[in-house]
Structure formats: C-alpha cells, structure tokens
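Comments concern the structure below.
Chain naming follows the written order as A, B, C, D, E and F, and within any one chain the residues start at number 1.
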Amino acid sequence: MSDEVAAEILQTHILDLAAEGRRLDGRAPDDYRTVTIEPGFVATADGSALVRIGETAALCGVKLEPGKPFPDTPNAGVLTTNAELIPLSSPTFEPGPPQPGAIEVSRVVDRAIRAAETVDLTRLCVTPGEKSWVCYVDIHMLGHDGNLIDAGMLAAVSALSGAVLPAKRFGIAEADYPLDVQHLPVECTFVRLGDTIVVDPTFDEEHAAQGRITVATDESGRVVAMQKGLVGAFSPDDVKAVVRRAFVHGDRLREQVRGARR
Amino acid sequence: MSDEVAAEILQTHILDLAAEGRRLDGRAPDDYRTVTIEPGFVATADGSALVRIGETAALCGVKLEPGKPFPDTPNAGVLTTNAELIPLSSPTFEPGPPQPGAIEVSRVVDRAIRAAETVDLTRLCVTPGEKSWVCYVDIHMLGHDGNLIDAGMLAAVSALSGAVLPAKRFGIAEADYPLDVQHLPVECTFVRLGDTIVVDPTFDEEHAAQGRITVATDESGRVVAMQKGLVGAFSPDDVKAVVRRAFVHGDRLREQVRGARR
Amino acid sequence: MSDEVAAEILQTHILDLAAEGRRLDGRAPDDYRTVTIEPGFVATADGSALVRIGETAALCGVKLEPGKPFPDTPNAGVLTTNAELIPLSSPTFEPGPPQPGAIEVSRVVDRAIRAAETVDLTRLCVTPGEKSWVCYVDIHMLGHDGNLIDAGMLAAVSALSGAVLPAKRFGIAEADYPLDVQHLPVECTFVRLGDTIVVDPTFDEEHAAQGRITVATDESGRVVAMQKGLVGAFSPDDVKAVVRRAFVHGDRLREQVRGARR
Amino acid sequence: MGSVGAKEVPVLLDAEGRRIDGRRLDELRPIQIRAGPLPQADGSAFVEWGANKVMAAVYGPREVHPRHLQQSTKAVIQCRYNMAAFSVDERKRPGLDRRSQEISKVIAEAFESVVFAEEFPRTSIDVYIEVLQANAGTRCAGLVAGSVALADAGIPMVDLLPAVAVGKVAGAIALDLKKEEDNFGEADLPMALVPQSGRLVLLQMEGHMTEPELAKALDLGVEGCKVIYEKMKAALRERYSVRPLAAEAA
Amino acid sequence: MGSVGAKEVPVLLDAEGRRIDGRRLDELRPIQIRAGPLPQADGSAFVEWGANKVMAAVYGPREVHPRHLQQSTKAVIQCRYNMAAFSVDERKRPGLDRRSQEISKVIAEAFESVVFAEEFPRTSIDVYIEVLQANAGTRCAGLVAGSVALADAGIPMVDLLPAVAVGKVAGAIALDLKKEEDNFGEADLPMALVPQSGRLVLLQMEGHMTEPELAKALDLGVEGCKVIYEKMKAALRERYSVRPLAAEAA
Amino acid sequence: MGSVGAKEVPVLLDAEGRRIDGRRLDELRPIQIRAGPLPQADGSAFVEWGANKVMAAVYGPREVHPRHLQQSTKAVIQCRYNMAAFSVDERKRPGLDRRSQEISKVIAEAFESVVFAEEFPRTSIDVYIEVLQANAGTRCAGLVAGSVALADAGIPMVDLLPAVAVGKVAGAIALDLKKEEDNFGEADLPMALVPQSGRLVLLQMEGHMTEPELAKALDLGVEGCKVIYEKMKAALRERYSVRPLAAEAA
C-alpha cells in the first residue's frame, strides 16, 4: 500500500516539475542522457555492442549462420531480432516466456532495421533458394532505467555495424568479411508529462507518463518506424514536433554509432 | 454465491419441464433448432461456411496447401481438424492453449470426417511419398449456446463441400478444381434430462444435463462415430433409441448441407 | 500445520538414530536395500527393465529408430535419456512439464551413460553424416521411496544391456542384432544425516538429509560421474570415503545387472 | 481403424470364425488384475490384459491443485491418462498429446458419474493411468485399473466400472479387439458399464457400423463387461484377504 | 511493406491518380458496421471493411483472471487480437504470434486511454477481436469493432475510437491501403483518433516517409477517422433503435 | 568432454607441462570481479574469468512469486542461470534448456546451504546469473558472481562461496579448464567451497578419473577456491570503500 502511495507522490512530483519544464534528474525536456557505446563487448558474437543510456544498458550480440532463405524471398538472407527483458535487469521483469513489453521492443527495433534496409539482405544470399546467411540480432537488457527501445536499437545498429561474416569457418568463402551496413536507423523516444513532451524518459518518467512515442529516423532524412505506447494521447501537431526533434537527436546518436565503429 | 443458487434453480426448472416433455425455449424433446448454413463466408479460405444452430455459431475455413504425405500412408493426402473455442464466443471460454473441451470437439468431428471417408484422401496425393495436399479444417466458434459438436461438424462438412483445390496457384495443375466430397457425415447430439433425452441441447440444458451423447451418421445408413460426454449414464436401449433419432435428424441436416452448396 | 510438525519429528528421529549408526528401517549406514531387476518387462520396447530398490521402482524402455547423426558427430549415433517423474509414483510429483528434479535425474544418468561410453556410439552409425540409429532411453518412475538416480541408472543400463536393434524392421540389415554394451556404469547415492553418511536413502531420509551425493563408477575402476544435491555440504574427505564405498556397492550392483541379462 | 493406403491386410477371421489369435468373436483376451501394487499411492492397480500393461494410482481426497479448480460442494475428479514413450511401436514423445487429453476427459467424466463426490467438498481425487505397454483397448484397461485403484483407495462409489471395446472385424462384431484387429478392422466401440444400473458411463465409437450391428455390439460389450466385473471383484477380494496375513506377518 | 526480392510489382497508381481498385488517394474502402451481433457477449460488433471481416466481443466488467493482475483502483483492460487460421492467404498456425501480441498490447493501451477504468476497480474489461478475413488494415478494423463493442456493452468512455491506416503508395500518400498496396507500398501508418480531443491514442508506422509526407499522412488519417466516426455512431444508433422493437416482440 | 567422432585433438599439454594457453597445471586463468555494477538490483556482481563474462544480480528478500512457493519458516532461494543467445559459438535459442535448469538447481542448493534463510520467512531471495560470453567454467563463474552479489545485497551468509572446476587434460589433473581443454579433456569437476568449514556445497563430475586422480582433483580444487576467495573479498572491500565516497559526492 505504502508503495502505491509513494509511487503516486513521485508521479505527481514529476508532473509538477514537468509543468515548469524541469525533470527529476535536472535535465531539460529535450536533453538526452549521456550515451556510451562499447563495441565488441562479446567475443563469441560475430558483432556486439554494449550501450548505456544513463543507467539503462542494452547488450546486443549478432550471430551469423548459414541457413535457408524463406520460400517467398529466395534471393535474400534472413534477419531476426529478439529482445530479452531478463529479470536480472529490473525488479519489474519476470522469468518466463517473453511478455508483451519484450515483444514490443523486439518488434519496434526489428521494424526500423528492416524498413531502413540497414542490411542489404540480398547480399546475404549464398545460393538462391538454397542457402543464405541467417542474421540473429539478440538484445539482452542489462539495466532498466527507462527508454529500452532506444537503447536496444542503438545496441543493435552498433553490433551490426561491427559485425563480420564468419565465411571462412563455414566454408562459404576464403576469408571472413565485414557485414555491409548501408543505413543507420536510430529510434528516439519521448513521453508526455502533462503538456510537456520530454525526450529519453527514465523509468520513473515512464511510469508517470501519459503516453509514449518513438520515432525511428535514418541518415537520409526518412522516418522509418513509429510506435505510440502506454496509456495516453498525442495530437497530430505533437507528433509532427516530436518527429522534428527525433531527427535532431537521431543525427547526434548516429554520429556516436559511427564514432564507436572499429 | 447467488450465481450458484441461480444456476441450481435454473437446472431444477429445466429438469421439471423435461419431466413433462417440455423445454425452456418451447421445443419438444425431439425438436432441433433452426439451422442456417452460409457457405463461402470467408474469401481467404479455399472453402468455408458459417453455420448457426439457434444462437450457436461455428465458422469453418478449409485451407489446402501442398505438403508431404505421412511415411506410413505415402499414397494419401493429409487432413487435420482443429476447433478453437475462442473466448470471444462465450464468457466460459478462456484464452490460452486448447482446453479439453476444444480438443474433444476437434477430435469427435475429425473422427466422423475420417471414418465416413468424407474426402477420398488418396485423391489428394500428388506424387506418392513426396507430395500431397494437406487439408486444414479449422473451426472457429463464434457463439456458444450449446451443441458445439453438431455445429462444428455441419460447418466442416459444408466448408469441405464447397472447397476448391488451388492447384493453379501452387503450380500443381493448369486450373483449380473442386474438392471431391464423397460422403456427408453429420453429428447429432442429445442430452439426458431426467428420464427425457432431448436433441440439440442449449447451453443451459447442457449444464443441467445428466449425460450427453453424440452420434454421427452418414447418408448410406452407417453410424460413423459416437461420443458420450459429461457426467451421466445411458442404457444400451437409450443408445439404440438415440441412434434411430440421429438418422432422422441427420438426413434432414444433410439435405440442408446439400441445399447450401453452391 | 500438523503435517509440518510430524515431518519435523520424523526428521529429528532419523537424525537421532543416525547418530547411533542406526536407520528407520533397521539398516546399517552402508546397507543397500534389496534390488530386483526384471528385464524385458515391456514387449513394445527394444530393450527394457523394471528395477526395484525397496519400494522405489524405475521402468526403463529403450527404443531404437533410424535418424540423422548430429552435424558435428557425423560418424556417431545419437543417444538421449529422459526420466519422467510421473505423478502416479508419488504424492509429491505434479503433472506438467519436467520439473528440475526430473531433469536432474535425466542428466545425471545421461552423463554416466555417456562418460562411461556404455554404448559405442560410432557403431550406431549407418551412413556417415546421413543416417544413424537414435537410441531413446526413457525412464518412467513407478514408485518413489528415495534414491531415484540409482534406480533410474540401473534400469537404464539393464534395459540397454538387453536391447536389440530392430534392423530388419527398418530394412537396415537382414536380421536384428543385439546392442553392444561395452561398459556397465552404475550410480551409488548417499546422504548426510548429521555426521553419518548413509547409502541408498529412503524418501524420508532424503527429506531429513543435510546433503546428497551420487557417484557413478564403472567396472574398470573409473569414476564416471558425480553429483552433489540438496542443501548441505561434504568435506573432501567425505567425498573420498564415499567414492570408496561407491565402488564396493557398484561392483555388487553390476553383478546383479549381469545376472539379470538374458 | 484402417489407414488409408496401408499395406496388405492380414486375415482377421478364418473360415471357422476364429480370430487372428484363435479367439471366438465373443471371447476376451486373458486379464490379470492386481490391486494395491503401489505402496506410495492411496489406491492402485495393475492390469495385464492381452498384451496391454496398465498401471493406475489414486491420490485423494486431498487439496486441489491448482486452487481455482476447487468446488465448494463436491470433490473434483481429475484424471490423467498417459502413454509411456516406449509403450507403442514407434516411440511416442513424452507428454500428453490431444488423444490422451481427450481420453483423460472422458475417463474423468465416467468416474465422476459413479463416485460420491459430494462427500468430499473442496478436495481433489486424482486418478493417474499409465500405459506401459499398449496393444489396443488401453483406455478400457485404464478404466478397469483406475476403478480398482479407486476402490483400493476406499473412495465410495455406486459401483465398479468394468470396460471393454467391441469392434467390427472382417464384417463381424467381435469382442475386445487386439492391435491388428484395431488397425485393420472396420470399427471400434469402447464402453464402460455400471453393472448395478446396466447403464454406460463411457461410450465412444469410430469406424462404421449399421444400426443392427451397433445394437449387437452394445449387447456384446455389456456381456463382456460383466465378465470383467467378476475379475475386478476377485482382485479386490484377494487384496483384502491378503491384507490381514500381511498384518500378521508384520 | 515490400518484401525483399519479391516478384513483379503491380501498377498501384494509374496516370489519372486512380488506385488499384479505382479509388482516389483520399478514398476509404466500403465499411459496414453492425453492433450487437453476438448475444452471449456483453457487447459486440461486426465490421466488414473492404475485404476485411472482423468480429469483436466485450466481456465485463467482471472478475479478473488471473487474479494477480487485479488492480485496486481501476479496471484492467485486457485485449486479445487474434487472426483465424483461414483469414490469410497462407494458413496461419492457431494461437497468438508475436505480431498479434504486439497489436493486442497497443490496442489495449488505446482503449485504456479512453475508458473510465477507475469506475470499476478490481474488475477486468476484456476485449476480444477476431480477424476472420484479412486484407490489410485489420488492426484498425479491430479497433473500430472493439470500440463499438465497448459502447454496446455500456462501458463509459471519453469517446469512440475511429481508426484508419494511411500509407505511401507509388510515392503518393493514400488513405486506407488494401492488401496489394500494403505489400508493395512504401509505408503504412495505422492510427486511432479520439474525435472529441483530436488526439491519437494509437499510432504506428513502418516503411519510409519524409517529414512532409508524414505530416500529410497524419492529416489525411484524421480526416478518414472522422468519416469512420460517423459510421460508428450510425451503427450504434441503429442498434439502440432496434432494441425497443425486439423488446416489444418479446 | 570429448565428442564422439570429433576432429583432430589439439595438443593440450606440451613437453614442459605447459597447457594450451601457457598455464601450469595448478594455475588459474585471470579473474576480475566487480561488485555492484547494476544500480537497479539489490546486489550485483560482474565477473570476467579467462574468456568468460558473467553478470549476477540479487533481488530480495521480497514477495514470493508464484505465491504457492512461499515457505512459512524461511526464505526461498530461487536461482536462474541463463546463457545469452550469443554467448556461445553456435547461437543458443533463448530460454532455459535442460542443462541450464539443472545448473540453476544445484547453484540454488549451494546458496541455500550458506544463506541464513530462516531470518526471512515468507520471502524470496532471487539470484539471477547471466552468462554473456562463455569459455568453460561458467557455472563456477556464476557461483562466484552470485555469491558476491548476495553479499553486496547484504544477505547474511555463513561465508562467501568461491568455486572452480578441476579437470583431467591429456592424463593430468589441471585447475580451471578453458574451452579447448573442456572439449577435448577427459574429465571436468566443478566445485564450490565454504572456506570457513572446508566443505563443498556444489560438486559435479563428468568424464572419467581413477580414485587417486579424483582425490588429487579435490585437493587442487580446494586450493584454487582459496585463491578465488581472496579475490572475492577484495572485490567487496573495494565496493565498500567506494561507497562512502559516492555518498559524499551526493
């Protein structure tokens, strides 16, 4: 019971601050937390990155294995994205099969990767209809202080950017070679706190929020995915404003992804 | 608690009426509710029918796809029946994996289809041991006012009767052609209410019942499946009488299936 | 509540007895219960045995079927061990997917079979990389009065010892022939009761125990598997003493396995 | 029932009216019933019937798991019919398939039709049936084993539940089909009888029969059940008569 | 969105700006909405929208299952969006796949944004949406059906929730895509509007659009929702006007 | 252990008694332990051990989920050992396989052997171990990480639980196997020690060893655990010494 009361007091406080354009951690509404990208964190993966946004942490490992193309796309490789909200990373996550929250993260990140044509899947085809690379993008959340989608997306695109096809090990080519990443989508998430829409929400802000909205952009000025979540509403003008801000943050985040490549 | 009391009063009332040969909805013990059959309800299916028995509704969609014959029947196609008691159709159905009730409907309908040799499976073989048609009979319950088995069966046999093999789409023949339905099994279900055995029970009658019995017949005078269900008992003479009645109702229902074909 | 009190009184009593080197059923600490082995219990299996250790009973059935070797061991057959702690055999077992206790039994028995090279898997290869025998070792517990691992292991090794490859039925050879069993691993389990370590614990002793330890030995003087289980601890000297005792019991149990062969 | 496109059908009935194993049409396979083989259970039974081996155990009345199944006015009868992986010719994956779930349901309903469940409100009576070796007729063997196990557990019932399958083989109505007859025959009709009332609490059928054949099959099955009923009672008598001796020995 | 390596793309927009089915860019497919088709449900609706057929039912406020989801200050809104196995070209395995689970989540959040859930603490309001025949835009059709079903069930709400998808087809922003447009188009943007406030409670997007295209798409979608809103109200009016007649007949 | 029919075995021990990575038989791989890396957890630890990377978090004492596991006289210790999909050479399907379930069980029992569980009746203490990069010995690394995380969470324990695997490689008993040694060696024996009592609370073995080899392996493992114990204490000291600084900074 006292937990609920405490939560309500915190929520009110967050909303009161937001009404004055302030936030619990001192940020302005359009301030994004510090982002760090540590590529190559996992040696057993063919590409990997540990991304931190404040105290939120997402570890992505990419594995590339030979497999079969889908019957309806015989000339393309296969890419699959999975996010695990493991109970280690938050007292609110439970063991067991993926919950809707984890599925939403997986799918929103997957849509952006796919729509931006981040990886040219036709280049992952080995023998049409017979053999192609399967690219597994697995995201393991290692800390949840809000904004999981952005963290998962940054980890995924950073891991893909540094990935190497183990072509030699599987006898597909004489030497391994880097995965070709042709676009750099990033997601940018906002929540509504009263009349203020803040970027990069913390865990507490998400719980106080009256609606969440995520916009994925790529480096060529395209919006490639969007997702409204949580209880709450946005006007079309809110959405347009948020898209504008998403491009600004997106360009900066993309610079970080590029800078972290090695 | 008051729910339980109300249920008990209703049950007693149904049994009292039955003792006088009467039923809650005014039917006589051997009256079947009005049946309507709407074939071709689902354009995405290769055959379909929406069947209503009073306020019970079953929608069946048949899909035909190329697949592999079972190793022990290399010269035959594959037929599989599945009934979904989706929570939309009754406050008593729960989301999640199929419960025993749904499995029973699937299996009793499947047995009748199979035993009556409704579809000549050998005609679904394309290349022995290699390729055959797989016939999926999916039944979606859209309203539960009792007697799900009869409704599911009528929907299945009506959907099969109008089904067309998409042979052209799958490059198996120059043109699509109708599925050959050689027999017309229908199920007929009864429940015991005291000493009275009534046909086509409603939801409330099933809950008051002291035993349920289903008899599937075909147009050639054969019993092709039977299933006793619920708590309760039937004497061999009860069973014989019920089989007699099942043929009479069955012949009438078959007429309706034939009439609905198009 | 009174159940818990009764359990506690029983536990104290078992520990008090153990302190004097005594046990509830009159055995000395190093006495193993009477073991019976009934080979060929299941005619539908390719090898089988019903093993009883006191009132603990394990039925193992071995099935051999043609399948595909694993890609990384193209010259070897496949062996898989599964133990089912079916709710029939104990009031403490629940229906549903295998619980950790059942998985532990499966894996500890599997490790001993594998590490002892009980079956020469290369002799189960039919065509390298293409076709090999798959050997299913299924253990069904039919009574739980403690010491499931030893019972499961004895049943498995006895069933394997009498197994016949149904080579004729599957068209792989002109005639069926016996499975070649080259080693005879057996497990021997102990529990700590205070300062006394007793062999072959009953159900009640396991519940009173302060640690369980299992040692698998084979006929050539090798330890092939070990498993410490339950809450509790053993000193390295305890372990060494227990290994010694495991060889003595193991040799006797192996004699029984050999004697039961037919 | 006959598989579509299956291989050569064996001769199921010879010129003298003898079946594949030499039985007459109205003859049962040999049956052995043992009550009480499982000491950990509240009640148990082991049935060998032809080449079937089936074990049953009863636990209860006891607490209901999961709790929300609890009923305030009577015991819940839960039944789990399961086939061991090695009980059939081709290895079966462990766990309940759809067939086992359906059979579990109709067996539970059969037992609930005879148990005085209202004597044990808010409890569960769990019947576990394990098929160890299968050769047609396992659900009937399971009913017989479960019924004896319920009696062994002291659960009050209207009556025991003998059960048997009747079938149609090479055009003739035959009692208690074995595997080849079931595979290549024309129909299979398992049933369970309450001897006291002469009523059936389990009845299923698959295949095809005419109305007169069905009537004949029902009558033949009832007679078969009566024979099995005697064997069930004998097994329980033996169990009770052995008990005092065992008690003396102790 | 366009599958990688897929076959020949049909002509989605002709020289006169007509779409594959002859519609203009801002034209909706035909919509039929019927409130109350399912007598067993507390509320229901059936929507035929182009070649989509979607049924929705509402149960509640009622007890929460499983119990631990219960909230002390408001009702839980649970939503299950499901596609029938036969509703799509290639048969879909029964059960909720990841796509259906995601859609169920965002639809539930959309409804929770307009239902006065605090009026029914400790209860559940369950919205079941079944797609019987699919042809692009099923989540919007499901929202419309679910919303009318909620109204039919008498659940108090801020407003109805009209919904529609806007897309990009052959470079042009187009309202209410049908299957071929969705498969071969460049973007899909489903949304649900609260007409009273002019705000969106569901919004998703996949594909690619520039900022100006997106702005245009949002405006076009809002206009489309307004048209659908009128049809939803008409369906409910018809439902209520029929009721007294039925009552008289009884 | 050595796979049947596997390819060429590398040279695991050279003429000078050096192992594949140059270590002596009684030498550990480098170990780094960091306590408290996860701010959201009640306790946490990150262990890099050779080429293993393992994270652990502890939550509790807290409410027990699911409720029926609650114990009236003590805390339940729940453990989940999980391998990330990308932590091994061939991608692992997400979710707990049978191996992970077995390891979770024996690790939970090891922790329960040293935690004063009776101080927290009706609660759960949950230990989550995630293997991010695996190179043999992950369960020992997990035990070390979990144990430091428990201490970091302030859970009262008899002692920390250092752990290590000993193996048999090219006929010799060797401490702390790495992947190639584990794959091509003859035996693997992981253990966890309570330093205060000198007793083992986790012990498993697979492969083959003679009695004298086993005795030698046990002794070597105990010595290895003692070294690791010191590193665990150092990590916790560092954590505590950092805390006040952080507090000042705040």
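For this structure, a couple of remarks:
Definition applied: a residue touches a chain if its C-beta (ideal position, glycine included) is under 8 Å from a C-beta of that chain, and two chains touch if they have at least 3 such contacts.
Source: prediction; values computed, not measured.
Counting steps between touching chains, the shortest path from chain C to chain E takes 3. The minimum number of touch steps separating chain B from chain C is 2.
Note: the chain lying farthest from chain E is C, by mean C-alpha position.
Matching B-E against the pairs in B-D, C-F or A-F identifies A-F as its interface repeat (over half of contact pairs the same by residue number). As a whole-number value, the distance joining the C-alpha centres of chain E and chain F reads 51 Å. As a whole-number value, the distance joining the C-alpha centres of chain A and chain E reads 27 Å. By the touch criterion stated above, chain E contacts chain B in their complex at residues 38-41, 51, 53, 55-57, 59, 62, 65, 80, 82, 84-91, 94-95, 126, 128-130, 132-135. Put simply, chain A touches chain F in their complex at residues 41-45, 48, 55, 59, 61-63, 65, 82, 84, 86-91, 94-95, 97, 136, 138, 140, 142-145. Of all residues in chain F, those touching chain C in their complex are 1, 3-6, 72, 98-99, 101-102, 104-106, 109, 112-113, 187, 189, 194, 197-211, 214-215, 218-219, 222. Across the complex, chain A meets chain E through its residues 4, 72-76, 98, 100-101, 103-104, 106-107, 111, 114-116, 121-122, 125, 211, 213, 218, 221-236, 238-240, 243-244, 247.
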